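Same chain, two partners: chain A is paired with chain B first, then with chain C.
And then the complex of A and B:
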């Protein structure tokens, strides 16, 4: 044992409480102050969140909310694993949803096949749009962080135009497309749950497998740790960026398609963006620094928090947007704590 | 051409430029000291909300502007200390701050005013427009500046002030040193962290002003997420301007006119869902073109990334 390694041993021996737990506690504390300032009882609020999310009867609701959120967590986590950031989830989600809402209305054929075609087309369309951001970086030198986000606005704007004008369902007064025929809808499992849950669950397992057991996963992790080393080791970085962004966008498109074919049965303007799955997913992925298993756990946690938020708002009238505040405080706390750990090294 | 550029167009362009310009000046200052500030969007939003709160409770526009600045400065403490003392990742901190701003303003909107979505009240006085009787009739310049708020004037004055301070004063030399060669600056007795913290907080004040212009500049109203991507456009302006306030201002003008043209096209029957995307498309095009130009100038990205001055704006973008 060399002398140089000793301080590290000492640091390892000293027990440190898990960062995530402290961050959640800290966020709960700040949130408690906010609730208290608004004139409600913080303990009541947290009890409502807990029961609203985890009481046995509410499990289906929580899972139903978790399906898109965990999907969008993967969307953010996959590029993050390689040190890239996809901020364009909103645009990709909307593109997938719109494609999935249009195809069943115009494509004749047996329902299940149409549904599969719609899911596939949604994934491809959104994946290509996401890959555009990577292309912008590799060919045009526009940082993906910026290009992915900026590309989101035109996608959302054009989709909004399409459902308001050319493809609006004229029988209703609302900005939405015509209803998807019943045959092409996703099969119901029980209550609010449909097979979209199973699709996302299998994608989750697939992502974990690819991350842990395949060359592609290894190369992506290598890129995340040291981009230059990965390039030196023979990874074709540009092609990898495009592939990774395509996969990330494709999952976002699938999430959009699942929402349309599984629960809303049509594209409703703004309905996909108001729950801010994209940003919650990004926060969950950041929380685990892109490590898929941790990100999925964080995504489930955020889904429970948000589902509980509905109960809190219903029962004691504390605005549920509080859960968004809690989530961002967790992220901020962890960002600084990880940094503080780095400083002592 | 004369049909295209009307007094109304120029006026609304100048009005649209003001918040982006103020925010991009904040971004330029932060970039110069080596902090990549992507939280402009959130800082603006906090400023816009605090402006309405301050305006409502003090019943004066000045009170609103002061509240906007103070709140945005307080909010910026997260980035100021997070990216320096705590050595957090600025990108992660900024993403967290933007979401916190969005959640917190929506929460406080419900708690303080009991409404969601938008809030306005006759008690809130919007910023007075300074009328320039002679200037008003001068084409272009006069159309643009004949009737604008004090914040518009302040924004353009600040472009000059920031340029002079950065490039013509000892303070500016130290600021740039902190960004380009922090170790060298430290050896020469410059407290790098103190400079960074102060600069980020000054940037916060500017972003707060940008927010005040949003909520108090035209009609006094706050809407959830009313910054609507303007903070990100300011980030792009900083990148395009490569940390130079004058170039950043030029980029802001481009976006402002794109925005105003969009509004004009709307009046000619194009739906606003399509015209609203004009600034983003222009922004993306500008980024691509500026990279082409730089590539043609025979500077490879690697060289640009390690050249002081060119590096600081893009340094934080991985």
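And then the complex of A and C:
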């Protein structure tokens, strides 16, 4: 029994300090050195980030930025909880946005109903597209890590074509669709905030509930810990992968639809991908290894960091790319401590 | 001659650890010049580790290796090759798109100036092949050759570098019987030339047929080192699989009921080889324990995976309680009445970082009382876990502690507790006591007997003969994918089973 029991004892003894906190601290140090090297005062920079994100007046901005970012965090975190990786968030986001931009222009009817139809159709279209990657893995053995990413490019490309040619708004010279009628736009709450914030907030709560309280959440968690154990216990892994990817893609589609119906009111080529919500969301999900509460917190943290980055750039002219550097260092540091394989096992 | 007294190769007190696992535990090995020396042991006994150490692929944590009396410190296989060693790996290391001669001279090409002397290289290879009667065409493209011929190319590669000591790592695993006989002829010829051969295998009859001496490993230790002519198959099987603990389990006569678990002509093919499971038929009736004996690696794991639904069938049927579940997935088969204690409790049977409660809930988690309309009832899961922990005497701080902290025996009790609590008509117990302490062994055995007496059909898969003999009412012996024998317990003893496990039919039927 001695030899057999030891590895398990060792696994239990290897308790780790909260590595996310250490990683953030370390990133702040490296970032500070970078700022200092570029000739600015690191303390000023961090103060501006902090105020820019969290001063009371700036809350709406931060929340507005957090809405898509936390949404995309869920997109990455849900599959990751089960040990799967969805790298196709960009494509799913764009599909959702395009569908949501087209439906209100062509579907007659009372505004709110049209908006609901657009949101639903966006979610379903993007969800199906994401499930395609799972289908490729379960039926044809194409790793989802690869297929989800590769499927993203044609989606982005075709959307770009559609807004440049067939559905281009001829009244402007830009690659964008016609404006969504006012009735179908998402209700405004205050300042830049619209009802999309509440939609994402309720989805967030729903995800937490499913993760902790439902059979589906239990099965996904077990799969993430040990896929073979889940399969041995009777979890239908293939169907589960399809479902999980559908949900993940559907949330990405909703995020796209919320951006279109809530703030841009049309599909503008490239406008959705420039802020790279997908990748920030993926990083937030990785930071928490797919655990939804942690991922949501990390997503909020990144949203605050990025909003603060705008303030810093405005006030003391330190480029906001610094905040992306901070984000990356946090992730790199965590990957070093845990080993790259651990997060995706 | 002084050379006759000094062993060709000697290993003294070799220790190799991987984390907490001891792969080689003070292994001693003495190999005389010109002998064919068998290295026996089950999968995971430490054979491959020992060979990599001898060949310089890995460094031992302790111990010395002596070649022709002088201690060597190989930094890599290159050093070993320079000292006249050669190794043929299980997975060949050949360029498939190159010709035979290119593969053989690679890294040691005869040169003319800056160029390879192709003609000399070709000629050398052809001569070598002829001298050792290997019959390999130097111009053939390796990728088009059969597995047996490719293996000869590997042997030629070693001979081209004038290897005086050859390590063959499970060379027969991929060969047909005819190719195997050819290999044996080559081995005898090489030994006759004074070359030394280390022959790694877990097939008993091969060791008996070809080796001069044999060293048996079990759990990283040498359990036997004898002249082949002075031992027999039974002694080697015992050295490979035996366990010193004396197993006695009290049990009454079996009260047989209906057939609850059945395989009909079950076949699992392997890519380009003989099937892993070959037309196996088995029936397990209510109230009996059927023992499936066999040296590990003869198709038992694949058969079990096919029974529980983790591996698709290539032919045949599986019936549970009379219902055909051949195409059904794991969940359906579990619902039809199979519980399964898997061989590997850590990587299949449990989720180590998860709590005991979560582990014990698996495959009960969809139905009442643990779940209702898709919602998990956490308190029901905890209550159930507490009850099972108490009933099975699992030593754990609480049901919310991760099972990764448990000892092997306690973790196995968690797995056994979960599977037995299904009260499923059919139970498949695969190596149910491997690597657990004596107390847990006795406990698990008693539970299995209790299940049998409660009218379950139990298929016990074990490579421990003592366990098979102690628990079974009927014993099947599996060898190279087939069921070689079906014996009542009264008809079986260690000797008969040992011979059958080695692939020989009993002499007197």
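One rule holds for everything that comes next: the second predicted complex is superposed on the first by the 321 of 345 C-alpha atoms of A that agree within 3 Å, B and C clash if a C-alpha of one lies under 4 Å from a C-alpha of the other, contacts with A are read in each partner's own complex, and residues count from 1 in each chain.
One rule holds in what follows: a contact is a pair of C-beta atoms (placed from the backbone, for glycine too) under 8 Å apart; a residue touches a chain by one contact, two chains touch by 3 or more.
Treat the numbers as computed from the prediction; the structure is a model and nothing was measured.
Legend: residue contacts after superposition of the two complexes on their common chain; A:190 is shown touching neither chain B nor chain C.
Judged by the touch definition given at the top, the superposed model places A:83 against chain B, while chain C stays out of reach. Of the two partner chains placed by superposition, only chain C is touched by A:234; chain B is not. In the superposed model, A:171 lies in contact with neither chain B nor chain C. In the superposed model, A:226 makes contact with chain C only, not with chain B. Applying the stated contact rule after C-alpha superposition, one finds that A:274 touches neither chain B nor chain C. By the touch criterion defined above, A:213 reaches chain C but does not reach chain B. Once both structures are placed on chain A, no chain A residue is touched by chain B and, in the other complex, by chain C.
Against chain C, in their complex, chain A makes its touches with residues 1, 3-12, 213-219, 221-222, 225-226, 228-236. Across the complex, chain C meets chain A through its residues 19-22, 219, 308, 310, 329-331, 334, 340, 342, 346-354, 358, 361-363, 365-366, 371, 374-376, 378, 402, 404-409, 411, 435-437, 440.
Residues of chain B that touch chain A in their complex: 38, 78, 81-82, 86-89, 91-93, 95-97, 99-100, 102-104, 106-107, 110-111, 116, 229, 232, 235-236, 239, 271, 273-274, 276-277, 280-281, 283-284, 287-288, 291-292, 294-295, 301, 314, 317-318. Residue ranges of chain A in contact with chain B, taken from their complex: 34, 37-38, 83-85, 87, 136, 140-143, 145-147, 149-151, 153-154, 157-158, 160-161, 164-165, 279, 282-283, 286, 319, 321-322, 324-325, 327-329, 331-332, 335-340, 342-343.
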